[in-house]
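Scroll down for the structure; my scribbles are underneath it.
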Amino acid sequence: MNLLILNPNSTASMTDTIAATARRVALPGSRIVAVTGSGTAPASVEGHADAAFAIPAMLAAIRLAEAGGAPPDAIVIACFDDPGLLAAREIACAPVVGIAQAAMQVAMLISARFSIVTTLPRSVPIIEELAHVYGAGNACRRVRSVDIPVLALESAPDAAFARLVAEGRRALAEDGAEAIVLGCAGMAEMCGKLSHALGVPVIDGVVAAVKLAEALAGGGFSTSKAGSLAYPRNKAADAPA
Amino acid sequence: MNLLILNPNSTASMTDTIAATARRVALPGSRIVAVTGSGTAPASVEGHADAAFAIPAMLAAIRLAEAGGAPPDAIVIACFDDPGLLAAREIACAPVVGIAQAAMQVAMLISARFSIVTTLPRSVPIIEELAHVYGAGNACRRVRSVDIPVLALESAPDAAFARLVAEGRRALAEDGAEAIVLGCAGMAEMCGKLSHALGVPVIDGVVAAVKLAEALAGGGFSTSKAGSLAYPRNKAADAPA
Amino acid sequence: MNLLILNPNSTASMTDTIAATARRVALPGSRIVAVTGSGTAPASVEGHADAAFAIPAMLAAIRLAEAGGAPPDAIVIACFDDPGLLAAREIACAPVVGIAQAAMQVAMLISARFSIVTTLPRSVPIIEELAHVYGAGNACRRVRSVDIPVLALESAPDAAFARLVAEGRRALAEDGAEAIVLGCAGMAEMCGKLSHALGVPVIDGVVAAVKLAEALAGGGFSTSKAGSLAYPRNKAADAPA
Amino acid sequence: MNLLILNPNSTASMTDTIAATARRVALPGSRIVAVTGSGTAPASVEGHADAAFAIPAMLAAIRLAEAGGAPPDAIVIACFDDPGLLAAREIACAPVVGIAQAAMQVAMLISARFSIVTTLPRSVPIIEELAHVYGAGNACRRVRSVDIPVLALESAPDAAFARLVAEGRRALAEDGAEAIVLGCAGMAEMCGKLSHALGVPVIDGVVAAVKLAEALAGGGFSTSKAGSLAYPRNKAADAPA
Amino acid sequence: MNLLILNPNSTASMTDTIAATARRVALPGSRIVAVTGSGTAPASVEGHADAAFAIPAMLAAIRLAEAGGAPPDAIVIACFDDPGLLAAREIACAPVVGIAQAAMQVAMLISARFSIVTTLPRSVPIIEELAHVYGAGNACRRVRSVDIPVLALESAPDAAFARLVAEGRRALAEDGAEAIVLGCAGMAEMCGKLSHALGVPVIDGVVAAVKLAEALAGGGFSTSKAGSLAYPRNKAADAPA
Amino acid sequence: MNLLILNPNSTASMTDTIAATARRVALPGSRIVAVTGSGTAPASVEGHADAAFAIPAMLAAIRLAEAGGAPPDAIVIACFDDPGLLAAREIACAPVVGIAQAAMQVAMLISARFSIVTTLPRSVPIIEELAHVYGAGNACRRVRSVDIPVLALESAPDAAFARLVAEGRRALAEDGAEAIVLGCAGMAEMCGKLSHALGVPVIDGVVAAVKLAEALAGGGFSTSKAGSLAYPRNKAADAPA
């Protein structure tokens, strides 16, 4: 099975980390191809405009991969804002999974309620809105942030981890969270250690999305092309003669 | 990977059909054990009381399997009412997936909106409530029924299929459904043919649940035991001395 | 009027307390019959599995009572999880009231917002889900727990009461609660004292349910049998010839 | 028990009908006092402005009754818009029940879903909003109208009844309603006949409210005065010296 | 453009303040007429009953103004409970804007989430319900109060302002509010100073409503008279001959 | 006042139509600058991918305008999907209004419920989701489509208008809509004629957005920069040294 993992931002070291996590949990027969953001993609996605500038190259990468010799059987968007998720489902032939939606679905399968811990406060309303749209509005008790930029997860991992533990503990005590969702693809490597520290399941979206992507492909599920996720229309026919 | 598939009702032929579907889509290394309902379990689950009488034996089957030599890595409840799902998550060590929740999650991954077609009208409000609780209240446009008892899916499959096609067409035309979810485990065999007839993805809960169960187990995800899904309490310690 | 009060758990002393409360508030002409859980019923209902094992005997008790010489005019399920409420409505001829739904309805009639205080933290998400399903999601501001097992309400009543007062005060100060709902049938005896201590209405579900049960029976209201609450189907007719 | 029934509109014949219904279902010891709207009250309440002009006299009637020698133990507002319900709860000592809220609560106790049939189309969004606010948004499937003015229920009862039957049948067939709620106090007399014609429970708000009012009073439940329903404030103390 | 500003309460000094604010932000060509509450109108609106007694005179003032020589092009109700808003839309020819709805709409245009700070705690649930009904349930994170009566905003402005600052800071820190809405018409004069103190936009409902009223009138938008906001019906035709 | 109107698609004739509408309703002192989509912008926005490819050039146009000599006082995005609305609010200094949000807000100010009529069926779920996110989920009864591509509004206006009338009539009859919202910027010219044909208010988003944009600017309201809509972060400081 070919899995295409898209890191929408332009930081290649983060793509490497994501790909390593994906390979660690993928099925034996799954081949992982990870692509880093290019063109106008920012170094990290921290808000709506960052996402907007990252999406076109990401969509182009999907088209390139699907036109190639080993088209993906499933595609993962590895950024917790799920940037361009619906646009990707439109243009792709293969099913597309976003790490936020995947992580929230897994959280709803293994807990009655969970909290999400993300990087910057400015991402909190964005993720709350995703939870609302994905139907996790009740199950997700709170979206919290450690107030650390995405790139600092790499540059200052120890400080980031300490804050993750602290915020996770607050989620357990104040929110009644039964599980924690990591709100950034860059947190993947801290997942196991954090679960050990907190004593509850900690869900990394990259892992969740890779497994759901394999599940969709393995189950023969593909995006409906009979509605709002149909391939983009060719406008040439619409213009007046 | 060991998968335990629970058919809550007492109809062994339906267990066989479910197991065959599960085996067809399971990973090469997955071993499927399917258990038929016993004790007070009814021949089909068509309402709240039927479910209530089916659950205790189903929970006992989980305990038995988990105490055995080849404990399950994941468990599937193969009835579209998801009877006893949260109770099963409490008592089981392995993660538990219900076919209704699984099918709705898959539907939300591959379409913007979907409708569900179930057997009897009396099951419609039950499934609507599940959609509400699972966060699919917006994405699920309508729960429809073909007004055929569960067991008639086996005894009169041609009539049942004709009605499924008719109701599915109404879902596309009237609900704007982009995908159809089959609202009964007994419909699994009609899935491919129905998708062909309707021209949209048709999601069978058994397939969805088996793939999600494998995904959870493969990703190392297990039910949180730190909250409402902890193992049932031993009451002995609570009584006055 | 004959009222059947079902204590789903197997603790007879709790049944006695519930029955005493019911008799205290019932109409002069109401006759109370209280039944204790039997068979696989646990000593207390603290979670989904406890409820699942309590329901079958409870349903059997309803059938027995309705087949007897003085069938109930209304039925009360006296456990705050409202276990088996919809199944009971299916099998019973008489209307059925659960103490959680009754208490929340009364709370919505006498306050703009209320909080619920229950026993164990693990019951909190269960009751939150009930509030959501019963349409009290907005009016119910928070479900709180005193972190005391159900049976300890009897064995250590003074400690339990002290914690109820403390948690109730937090509900007034932090949630803006205008009334408090007791989240366990075993708290009935503390109701008056707690209302006195807090200075706001405190609603005991047993009282609420007994009065609503009398109201339904007195008003001639009975469960609709034209839909999802119809009597369970006889499956014999469904099987192939 | 003293029950005060308020007909907000100025049509005395409607008050008589409401009072007769109330007396028919009240407990043996309940004394019914019914008051007709006065002052600026319109002949019928068909919209927001009608309600606004009916409320002040209704509130004055409550104050008068509570200052009298036989103060009410509970109060019923007998108009399906529940006009002034929260204002009445503020100024009254006794608990106050509106017939719309009462009917919807009863409907949620005896069915999984119901539809409401009211008089004029213009009342439909008003009642939909009440259902939303009362937490019946899911259970109430649709608010329908027979397109007949309130007063025509009295002047042309046969035509009105025929339309009620027709609209009720549509509710059963199209909405999957398991019960019907009458959306106007003036429909009370048609309740039994309509239930017979439709074969499902039909809930009259006057009956529902009288029984809930007795239930509240009998259970010792009174409006919380610790919050938004406290007695109106005396402003004299607020002004600058 | 003629704008009619209605202060529902009877405190003329508050009307003056409101009118001054309105004139400060109105378009050059807008003429502001401000009317103080009369008849049974209370000195301030602090609850449902206060509102009920203020509405009839307010509706009469609209009718008077619309019958006059310079009928209003748009109408503003300048009390944060939006008392009688829908009744006013029914009886008025011109569009009607309430300051609460206006302020919440503006808040949703310039921030992802906001909190409201009102006067008394008893108004909190009233405003929460408005937010719910206006569709701001998600965007409005919390309704807070400074626990000061409406009239004290005039009599003790410094103390009131200090508490507004304190509560606004809590809203930023605890609610993640990105903007603050002033929850009382009497706070208009503190708006600029508060925004300066808090460093975020502070939205005064009077300003918001005046600008939206001008926008509606300028865009040619008027209340739909084809439904629930049609002019009140004349009942004379309904009575039996 | 300077207003920047952004047509995200690349069809200049549509920009001209939008600008003409804007100029017709703008305040005397308002100067309208309208910009057509460029770069990867498609000829029309009919789905998520079209939007994604239109957004970057639109954001660049905002930056260019704000850096120029006559920076805009308010900005309008003139496409009913409100593409890039939140990203635009992040990068812009001036407030930004989307025509869908503006139209829905106006609809909620002048009617109790409305329906939206858009071009293609594939846009229906997109607009439904916007209604949900903007808090118009209750007030918006249904999103309908005329099944005509965006560009055909220009090339075949008579056919388009006939279908708009037909679909609008269905909205009145079936949805109980009291007003109609035009679900495409390209429909602006048909607004008056359609309102005349249907007899209810018809709301064009371009008009609504221009008037709300002027209202925001005139009221001194600007986007909060203290949260999720702050200017995009400069990532340079985040990288490790």
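Letters are used for the chains, namely A, B, C, D, E and F, taken in the order the chains are written, and counting of residues starts over at 1 for each.
Everything that follows uses one rule, which is that a residue touches a chain if its C-beta (ideal position, glycine included) is under 8 Å from a C-beta of that chain, and two chains touch if they have at least 3 such contacts.
Everything numeric in this text was worked out from a predicted model, so none of it was measured.
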Original post:
Along touching chains only, what is the step distance from chain C to chain F?
Top reply: 2
**OP:** Quick one: point me to the chain whose Cα centre is farthest from that of chain B.
**Re:** E
**OP:** Go through B-C and C-E and name the pair with more C-beta contacts between its chains.
**Re:** B-C
Subject >> When chain A is superposed on chain D by its C-alpha atoms, the rotation angle in degrees, nearest 5 >> reply: 180
Subject >> CA centroid of chain B to CA centroid of chain D, Å >> reply: 42
**OP:** Could you put a whole-Å number on the gap between the CA centroids of chain B and chain E?
**Re:** 51
Subject >> Separation of mean Cα positions, chain F and chain E [Å, integer] >> reply: 27
**OP:** Mark out which residues of chain F touch at least two other chains, giving numbers and ranges.
**Re:** 86, 89, 112-113, 121, 124-125, 129, 132, 138, 176, 178, 227-229
Original post:
Between which chains is there touch?
Top reply: A-B, A-C, A-E, A-F, B-C, B-D, B-F, C-D, C-E, D-E, D-F, E-F
Subject >> Residues of chain F touching chain D in the complex >> reply: 112-113, 138, 176, 178
Subject >> Of all residues in chain E, those that touch chain F in their complex >> reply: 25, 27, 86, 89, 95, 97, 101, 105-106, 108-113, 134-139, 172, 176-179, 199-201, 203, 207-208, 210-212, 214-216, 218-224, 226-229
**OP:** Spell out the part of chain B that touches chain D in their complex, as residue ranges.
**Re:** 121, 124-125, 128-129, 132
Original post:
Which residues of chain C touch chain B in the complex?
Top reply: 40, 42-44, 46-53, 55-56, 59, 84, 86-87, 89-91, 120-126, 129, 132-133, 149-152, 154-156, 227-230, 232-233, 235, 238-241
